[in-house]
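Please find the structures below.
Two complexes come next, and they have one chain in common, chain A, joined by chain B in the first and chain C in the second.
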Partner chain A sequence: MRKVLKNEAVQAFIASVICILLGILIGYIVLLFINPAGAGESIVNVIKNFFTWSRPASQMKQLGNTLAKTMPLILCSLSILFSYKVGLFNIGTAGQYVAGACASLYAALAWGWGWLPCVLFAVFAGAFLGTITGLLKAYCNVNEVISGIMLNWISLYLTNTLLTNVKETASPYTLYLDKTNPKALLPTLGLDTLFNKNANVTIAVPITILAAFAVWIILSKTKLGYELKATGNNKNAAKYAGMAQNRNIIMTLAISGALAGLAAALLYLTGYMRWECTQSSVPSMGFNGIAAAFLGGLHPLGAIFSSFFIQHITDGGQYVNTNFYSSQISDVISSVIIYLCGFVLFIKLTMKKILANKEEKKGAK
Partner chain B sequence: MSGTHASEYAIEMLHITKRFPGIIANDDVTLQLRHGEIHALLGENGAGKSTLMSVLFGLYQAEEGTIKKDGKEVKINNPNDANALGIGMVHQHFKLVECFTVLDNIIMGVEPVGALGFLQKKQAREKVLELSRKYGLQVDPDAKIEDITVGMQQRTEILKMLYRDNEILIFDEPTAVLTPQEIEELMQIMRNLAAEGKSILFISHKLAEIMAVADRCSVLRKGKYIGTVETKDTTMEELSAMMVGRNVNFHVEKKPAVPGDVVLEVSHMTVASKVHNNNAVKDVSFKVRRGEIVCIAGIDGNGQSELVYGITGLEPLVSGSILMDGKDITKSSIRKRSVSGMSHIPEDRHKHGLVLDYSLEYNMILQTYFESRFTKKIGFLRRKNIREYSDKLIEQYDVRSGQGSLTTARSMSGGNQQKAIIAREIDKDPEVLVAVQPTRGLDVGAIEYIHKQLVAQRDAGKAVLLISLELDEVMDVPDRILVMYEGEIVGELDPKQTTQEELGLYMAGAKRDEVKDA
Partner chain C sequence: MLLLIQYTLIFASVLLLVALGGCISEHSGVINLGLEGIMVVGALGGALVMSSLGTSSAFVMVLVAMLAAILAGMLYSCLLGVAAIHFKADQTLVGTAMNLLATAAATVFVKAMNTAANPDNHSSEIEYISARKMFIVNINGFEFNWFMLVAVIAVVLVYFLLYKNRLGLRLMACGEHPQAAASVGVSVYKMRWTGVLMSGALGGLGGLCYILAGVSVWKFENGVAGFGFLALAVMIFGQWKPTRIALAALIFGLFRALSNTYTGFPFLVSLNLPGNVYNMMPYIVCLIVLAFTSKASRAPKAEGIPYDKGSR
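Let's turn to the complex of A and B:
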């Protein structure tokens, strides 16, 4: 038993589960405080998400919507964890995601490109923004968190400005993709039929899963991963071993940015969401990627499951009973749970301490 | 001596046993410290010295055994209890606030505070000055810690203990960071303290210092108490045999050197200092030939580190040039130098030498991971080859660790970490081996082993550049000594002809020759 508990992967899993349970518990307490009458039902609905619907067909359709938003979240958390393994905290993922949205939508709506070039253009845009952060870090020693936060805002307002050229005249939203340029819509590969003709389920799903595996393989089995992780763990030793530090920093942030750009393209090119050209905050997708990365134990394959869970809770928030609560409560509940997800490392450390103490006591006997 | 005291002993630790999972760190250890004596605690790394002191300081609780102060049994559950009993400790790594003054550091935690909550520094300052006069502890109470020498920082730590009226003073390897002159001063201070009735525990594995300053010496080996001897009745050889469990050869056995062609040629090298606004290495020129060990000696901080950074490529040169095997490598990258035959055993194995969170096998390939034997053309690592290579080095160089190739470097002992680095750097089959303080912090057995390896490299026709701060090492290992003082080479000495005293004069800058081209 103790041996099992000492296993890193098992510890990460248990810590994640504890975080989830704690989050749900505190969310429930918040609901109780506001209005005890509907709390039980509402928290159950948050957890049930699409199961709240009674017809299996509707359930599948809603599940499809959750999946469509899960894919970009997975990619954002991959973006975060990839740079994190190299000792860089890429808070700029959010802005690189925005750049990806901008590039894909602009290319699709203004230039009438097909879906594949649009996706590649978004990847390039995200990578470009990441490269800027990388160059600043490598050559001017500017902390990547500072430049990332600033570039997030630059990226947001630049996107708002550019996409205003392709928005509807009567609303702040960009033009409908399916009416303006249907060939930019991501192909569904027949996946839509599995989810009650939900066309939001597309090629994004296999692309994302492949990306997660690719990140895992790069980090654990290649020379590049060896170099990057060495740099992350001890940059002095990496320098001593003759690794090209600056190149590695720039490349890491470029790859991280590319993943974020890809995330945005795989959401906006489904046509499920449109860009609101007057929004004044950076979309939360990139930031939620941080929680998803940690909840997933900073493992690329763990990110798949943690991202699904977080998206599931977020979508579940809309089923909170609005007779008892104002509609914003859904955001409060899901943010409480997501917030608690960030405690994975803390709980893991606590578990390790308890185990070590027990062993010392045992040694004492 | 014990006339005014209730007991002959200030502190007694009787039959202390402390176990950790899988290891008995202290096995029935007894240590008795008399009033007013300097008592050395000797043992190799991992012998259980630190554990024993942690028990005395309340950081660990022993499973068996008792602690007595002045003959009365006491319980020490945490460091506060230890302080209350008048036990103070100077840690190996000082616990000082860099941007505070000496005085602020001394009174920290026991600040004299007036009625309104204002600090009353005046009487504190008087007490500090009084103490510093009484014991000959030269400090400037208003200097900031970051501006003063390591020796003065240590005196600040000692004053901290005295300010708290501690009677039992523990010094944990206090000489590791000091220059020979500062060591001499410290010993005088310790004698003064003892003469004033303080009882001193002196943890060390440097035999010469123990012989010079201690009254008695207790020896630990592998957690067991070996015995206590009066230093005046013993010899260094006897002490080392007690510590290691066998007779150790202090002198490095080596044949006369047969120097060949010049492999490394440094001319007019100047390297900027990272901390100060000047050059740390000033117009230095020297050559290292095949089949010889050249040692750069000097007191820490005279430009040796920067000299190495310049040669290995960690820092750029301001001016000058470096030739290796006749080829100019002045502007070459670190990787280029490494591939063309330079190996570097770095000064700081944790900062540069290892990725501590990597497994041992990944650390073994740190300099060679990109070679085709470890990496396929498309970039995948050859895990099987890496494992085989690492297992081979572990076997060949006797690197000991819990789980072999899979051990995390962080969990290995310092000596075995160093052995791993040495295995890696030597197995590269270099032309030039730059070894910077390769025996720092290691015990006698490991030092002996590493010296043998360096001589073996020399005999295999390599050029070895050794940078050392240890006088014994400087006298014993190399074939030529170059002394560095304030960034310049001020003397070239033959270790067979010179004496430690002469070497000391050069190192302290009291003597210098014109060394144009060594």
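Let's turn to the complex of A and C:
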């Protein structure tokens, strides 16, 4: 037992579970504070999400919708954690995601491209935006958080302007993908039949899982990953060891941006969501990626599970009793979880201390 | 033209207040990326007072609303203080979490309040039409806002605090080399708390100023549109010095004001650019300015590094 507890991965897992439980508890307290009558039922609904439906068929359908949104979230959290491992906090993921949405939708709706070129174009757009942040960081010493935020807003307004060309005349939303250009829809590979013919479950699932493994392998098994991590740990030491520090920074942010761009393409090309051209805030997907990345212990495979959890409760937010509460309660829970993730280091240290103390006592006996 | 000056001054006031907050916090050694969230909470505190105080004299209203914003901002900044000063948390992560939490919590709170008052009302808006008029003195068509004065006072105060005062010099020492400051008996924890709380107060005040800038009703779902981060850019452009920050705030305020008033200039209208171009302007200018000014950064040396008594 003690040996298990000493394992880094197990400690990270316990710390994440503590964060989740505290986050849900605080969400529950907020609901109690607003109206004690329905708080219990609503928080249970948030956690149950698709299980609130009684028929198994509807449950599968709703699970499919949650999965469709989980895939981009996984990719966003991969984007965040990839750059974080290199010592860069890429908050620009949110904007790179927007750029990906813009590129994929514009290519699909205005130029009538097929799905694969659309996806690649979105990847390129995200990487391009990431490269800008990288260049600014490497050559002008601009803090990547601030330039990332600025680019988030710039890309939001740019996207709104560009996608206005392909929107419906009567509404602020972009045209329906399945009516305008069905060949841009992602192929389902028969996955839709597993989820009660939910066409939102597509090739995105295998692509995302592959991406997670690829990021894991790059970071832990290749020379490139080693160099990138070394740059993150101590850039002066890395430079001294002959690693191209500037190139590494730019490359990291480009890859990070590419992942975010891919995320957007894999959501918007399912036709599940349409872009609203009057949107006044950056979509929260990129920011939720931060929560998922840290909750997953900054491990690519951990990100898969944490992303599912975050998306699960975010979708669960719509099942609260809207007579008293609003669905944003899930945003409160996930942001509290991000905040608590700041304490993970402390939780781990405490665990180590307790274990060490116990061993010392045992040794004294 | 008058309108442009008016909007420039009010947006500059917002940026100035918040940037000064960030400046004090960073001088004490804590990077406050949560300013955006602090602004939202400060705005909420002020808006609640403005909508509930009802009819009272303008003086009382202005004073109480400002105090509420300051208090709300300070309370919220404690989240950063606890995590960054005592638990050595990653300041970037905590700041980001605070930004997300503020918008989400404010939305949930305001919606719950509106729904409790009227079961059919699910909006996240607070109205303060009559209260807003009390902040404004109309001088021949120019709407003078009391916040413009407050911002000027804040620059002077922060200048004296940082450079002409024992507290300020000690505080800055904690941002440059906390171990050295501790060795001569300065409490690093106390100084960093002072920095964080002051930035909370100024950030909250800036948040209230922001929602009073052009409108009489605020939708809390929208947050403050990256203004907290623009303020940080103003601070970097101002090289962490109060007087330079004031100048930087004016420049950024001008570009922000253009997006509100460009329709009043025949020359700009004739260019026939989409409105979104003007919306993008402050952010683009910010990037360009940062690209040229960040190289010779005068950032406090120990900012963002958790204080560890034992390290050298």
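The rule is simple: the second predicted complex is superposed on the first by the 326 of 365 C-alpha atoms of A that agree within 3 Å, B and C clash if a C-alpha of one lies under 4 Å from a C-alpha of the other, contacts with A are read in each partner's own complex, and residues count from 1 in each chain.
Throughout what follows, contacts are C-beta pairs under 8 Å (C-beta built on N, C-alpha and C of every residue); 3 or more make two chains touch, one makes a residue touch a chain.
This structure is a prediction, so every number in the text was calculated from the model and none was measured.
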{"item": "Contacts of A:169 with chain B and chain C, given as first, second, both or neither", "value": "neither"}
{"item": "First (chain B), second (chain C), both or neither touched by A:143", "value": "second"}
{"item": "Which of chain B and chain C A:54 touches, first, second, both or neither", "value": "neither"}
{"item": "Chain B versus chain C as contact partner of A:221, first or second or both or neither", "value": "first"}
{"item": "Partner chain(s) touched by A:343 [first = chain B, second = chain C, both, neither]", "value": "second"}
{"item": "Chain B or chain C, by number of chain A residues touched", "value": "C"}
{"item": "Which superposed partner A:234 touches (first chain B, second chain C, both, neither)", "value": "first"}
{"item": "Touching partner for A:242 - first (chain B), second (chain C), both, neither", "value": "first"}
{"item": "Chain C-touching residues of chain A, taken from the complex the two chains share", "value": "30, 34-35, 89, 91, 136, 140-143, 145-147, 149-154, 157-158, 160-161, 280-281, 284, 287, 290-291, 294, 322-326, 328-329, 331-332, 334-336, 338-339, 341-343, 345-346"}
{"item": "Chain A residues touching chain B - in the complex, by the definition given at the top", "value": "221-224, 226-227, 229-230, 233-234, 236-244, 359-360, 362-364"}
{"item": "Sites on chain C touched by chain A in the complex", "value": "33, 79, 83, 87-90, 92-94, 96-98, 100-101, 103-105, 107-108, 111-112, 115-116, 119, 122, 124, 221-223, 225-226, 229-230, 232-233, 236, 274, 276-277, 279-280, 283-284, 286-287, 290-292, 294-295, 297"}
{"item": "For the chain B and chain A complex, residues of the former touching the latter", "value": "19-22, 63, 312, 314, 333-338, 344, 346, 351-358, 362, 366-367, 369-370, 375, 379-381, 383"}
